[in-house]
Amino acid sequence: MSNNILSVKNLTVKYISREIGVCHAVNDVSFDVQKGETLGLVGETGAGKTTIALGIMRILQMPPARVVSGEILLDDEDLLHVPDARMRSIRGGRVSMIFQDPMTALNPIDRIGGQISEMVRLHLNLDKAQSVAKAMEMLEMVGIPGARFDDYPHQFSGGMKQRVIIAIALACKPELLLADEPTTALDVTIQAQVLNMMNELKTDLGTSMVLITHDLGVVAETCDRVAVIYAGEIVEIGAADAVFEKRSHPYTTGLFNSLPDITGGRKRLIPIAGLMPDPTALPEGCKFSPRCHLADESCTQGPVALGLESGTHFVRCLKASKNQGV
Amino acid sequence: MPDQTIAVRQPDETVIVKQRSMFRQILARLVRNRSAMIGFCLLMIIVVLCLLAPVIAPQGFNAQNISAKFQPPSLKYPCGTDNLGRDIFVRILYGGRISLLIGVVSTLFSAAIGIVIGLFAGYRGGSTDNVAMRIIDIVMSIPAILLAITIAAALGTGVNSAIIAIGIASIPIFARLTRAPIIQVKNEEYIEAARAISASQFRIMFRHLLPNILSPLIVQITINVALSIMLAAGLSFLGMGVQPPNPEWGAIITSAKVYIIDHSYMVTMPGIAMALTVISLNLFGDGLRDCLDPRLKI
Amino acid sequence: MVKYIVKRLIYMIPVLLGVAFLISIILYLTPGDPASVILSSQATDAMRDAWRQERGLNDPFLLQYIHFIGGIVLHWDWGTSYVNGLSVTGDVMLRFPNTFLLACLTTVIAIIIGILLGVFTAKHQNTWLDTTFSVVGMIGISMPQFWLGMLLIIWFGLNLQWFPIAGFDGPKYWVLPSVALGVQNAAILMRFTRTSVLECMRQDYVRTARAKGQVERVITWHHIVRNALIPIITTVGALFGGALGMAMILEQVFSINGLGRLMVEAIAMRNYPIIRASVMLLAASYSFIYLALDLLYAAVDPRIKTDFENQSAGPRRARVSRKGAAHA
C-alpha cells in the first residue's frame, strides 16, 4: 500500500470533433496526491486543468472527449476501468468535486437542503430524516443558518452558493476533493473566507485535495505541492516552497513575473509574450519554446522529458539550470 | 479573414463591405447546411413547376375531358383526374401559384405591419408600448384561424380577402417577435451612441435596431409562409377564402371531399403537394435559423 | 400570489371587452343583411327594416356595442339567436363542450407523445433514431390537420373500419379527430422538448448531479427533464389555443357538433349573436388556460414565483415562433 491516495499516470485526453479536429487537451500527465496533502494545479485558462479533474471524476462529455491512454489510481484501483455502478459510488462518496461557477452549479428548481441531502442519501446509508439532519448539519458547518434549508438557489448570493456547493462536496467526508477554481467567481473578500473555510474543513475531515487555480497567491496559501500545467503538460512539479523559490521553468518564472509585487520592488509587470499554442496544432518539442526567451534549436528537436531538479522537484526544460534567478 | 483586410483598406466602404461579407458568410453556411439545402432545392422545384404551369399544361386548369373522368394516378395522369376529367396534376400546378401567392403576400403584409408595430412599441416604450401590446393581447386571445374566418366572412370570398384575413391574423406574432429583442437591445451602447449623435428616431429604428434583430424575423417569415398556406387551405375548406373551381390547394381538396370513398387519390394528391411545400419551407427555415443564429444551434 | 391571480383576472376584463369590440366591429363591417338571409324572400323592405330595428341592427355601431356589453353585464344576456329566437347561451353551451374536449384530448396526446419523444430523441442526439424522428416530426408539422383527418378517415375509418368517421359520441369517436389534430402539436412539442432538453443537458447543475454519483435515470428525469419542461409550459398554452381554433375545421371533417360548425353555420346565416358569443367564449377559455399555465409555471419554477409577486399583469406568452412553429 503506497501513501498515495491518488496517482495519475500518463493520462492523455483528446477532444475530437468534426468541426475543430483533434484537440490535445491533456498530454501524458502524471502526478500523485498523498494522503492529507493539497496539490495545486496551476496554469492558464485552457491549459487542461479542468479536463484532468473531470477525467478523474469520469464525467467528461464523451464524445467529444476521449481518454486515449493512462491510469487513474485511487488507492490502487484504476478509475478508468471500474464498472459504472462502482464509479458512481466513488463519485461523491470517496472523490468529490467543487465546480468553478457557483451561479450555475446548483439546480435552480430544487431547494438547497434537498440538493445537499441528495448527496447524503446516495452515499451514506441513512433514512430520510437522518439524511435531512445530516444535510442541515453540513449547511451550518459552512456557516449558513439552518433556517435557509428550504430556500432556493436564486435567493442566495454567489459566496453562499459556493458554500452550499462545498457543503455538498464534503457531505460524505470524501477522501479526495477536487476543487476547480473554487474562488475565481467570487469577490476578493469572499474568496479569502471561502478559502479559509475549505482549509479548515479539509484539515478537520482529513481530506486530500487537488486545487485547480490560476492564482499563485491561492497556491501559496493552501498547497503543499504544485504542478504547473502548460498546454496540457506538466512543466514543473514539486514541493510548493521549492517551486516558488526556484521557479526553474521559464513559464513558471513568467507566471511570477506577471504578478504585481506587493513589496514594490518592480515597477512594471512583465507579461509572457505571445499566446498559448492552439491545442489542435501543438508545436514540436517543448510546447513553450515559441514563447520562451531561452529557447534555441535544441528545444524544438523532440519531446522534452521531465528532469529531476532536486529532491522531488521536476522540470520539463532543457535550459532549466540556466533559468534560475531570472 | 480576407474580408476584414478589405474592410481596413477601404475605410469609406467599411459598412458595406462588412455587410456583404456577413451576407457571404451566412450564405456559405447555408450552402453547407443539409436541411436548408434540401428545403431550398425542393422549394425551387415546386416553385419552378408552378411558374411553368402554363408551359407544361397550356390547356389550362379547367380543361375537361368527360371521357376520362375519375382516372386513378397513372403515367398519363400522375395525380389522376377528377369528376370532370380534369387533370389533377395540372390543377395542382396552377393551384400552387395561388397558394404560394397567398402565403408570400399575406406574410409580407403581416411582417411589414407587425415589425413596424413592434419597433415603435419596443423603442418608444411607455404608453405607446402599453397600448400596442394590449391590442396585441386582445388579438392574440382569439385563435388565429377564428380571427381569419371572421375577417374573411366580412371581406367576402376570393384570393384577396384570404390574403388580408390571414395576414391580419399573423400580425401579432411579428409584433411580439420584433418588440421583445428591441427592449433588450435599445439600451445598448451602440444605440446610445446613435442617439448621442442625434440620429433621428426613424434612423435609429430602421438603420440601427432592425438589422440587429432581423435574424429571428427572417426565419419567422419563411415559416409563416408555410403556416399561411395551411391556413388558407383551412379557410377554403370551411367555404371561406378561395372557392372552387379556383384550384387553390385547399379548394381542390374541399371539392374532392365528396368523392373520398371511391376516389381517395383526389384528396391525397393535392394534400401531398401542400405537405411537400410546407416541409420545404420548414426545412429551409430550420436551416436558416441555424445559419443566422449559431447560438441557437445545438 | 393571490394578489397576482386577482390582478390577472382583472386584466382579463379589458381584454375581453377588447375582443368584444373587435368582433363587433368586424361583424358591423361585414356586408350582407341578416334580415334578407333569415327572412323569407317574400318579406317586404318594411318587414326587413322592422326586423332589423327590433334587433338594434339599425343603431350606430357604438350603441350596438354598448347594448351588447350592457346586456351581458346587467342581465347575463348574451343575445338572442336570429334563427330560432332563443338565447344563444343554450346553443353555444350545448356545442362548446365538444370543442373543448377535442382541444383537451389533442393537447393531452401532444403532451404525452411530444414530450416523451422529445426527451428520447435528445438523449439519443445524432443517432439514426434521432434523425428518423426528426424527419417524422418534420412531416408531422407539415401536414395540414384537416387533410390528415381525411387520410385517417380513408385508412382507419373506411378501409380498416376501426373507428367511426362522424360524430363525437364516445371514446371511439374521439380517436380519429384528436389524433388528426394532435399529430402536428405532438411534433411541435417534440422539437421543442428536444431543444430544451439538449439545452439543459449542458447545464452545470447536471454535471454537479453526475459528480454526486447520481444514477443516470434520476439525472435525466429529475434534473434535466424537470428543468427542460419549464419553458414547455407556455408552449402548451399556445398549442391549446391553436387546437381550440383548429378544432373548428376538424369538426367540419368529422361532422362533430361543436362550436366550430355552429359558427360556420352562423356565419353563413349572418347570425351575429351566435358568432359574438362563441368568439367571446373561446377567448375567455383561452385566457383562463393561459392563466392556469402561468400559475403552473410559477409553481414549478421558484424564480418565476418571486417575479410574479411584483410584476405587471400582462400574461406571458411562449415565443413559439422563434423555434419555428407558431401555430396559435
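By written order: A, B and C. Residues from 1 in each chain.
In the analysis below, a residue touches a chain if its C-beta (ideal position, glycine included) is under 8 Å from a C-beta of that chain, and two chains touch if they have at least 3 such contacts.
As the structure is a computational prediction, the values presented were derived from the model and not from experiment.
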item: Between chain A and chain B, the fewest steps along chains that touch one another; value: 2
item: Contact-richer chain pair (by C-beta pairs counted) among B-C and A-C; value: B-C
item: Chain centre separation in whole Å, for chain C relative to chain A (CA means); value: 53
item: Cα-centroid distance, chain B relative to chain C, in whole angstrom; value: 22
item: Chain B - residues contacting chain C, complex; value: 133-135, 137-146, 149-151, 153-154, 156, 173, 176-177, 180, 216, 219-220, 223-224, 226-227, 230, 233-234, 237-240, 250, 253, 257, 260-261, 264, 267-268, 271, 274-276, 278-279, 282-283, 285-286, 289, 298
item: Of chain C, residues touching chain A in the complex; value: 203-205, 207-215, 223, 226-227, 230, 300-303, 306
item: Touching residues (chain side chain A, partner chain C) in the complex; value: 57, 59, 87-93, 96-97, 99, 101, 104-109, 118-119, 122-123, 152, 154-155, 165, 168
item: Footprint of chain B on chain C - complex, ascending; value: 14-16, 18-19, 22-23, 26-27, 29-31, 125, 138-139, 141-147, 150-151, 153-154, 158, 195, 198-199, 241-242, 244-246, 248-249, 252-253, 263-264, 267-268, 275, 279, 282-283, 286-287, 314-315, 317, 319, 321-322, 324-328
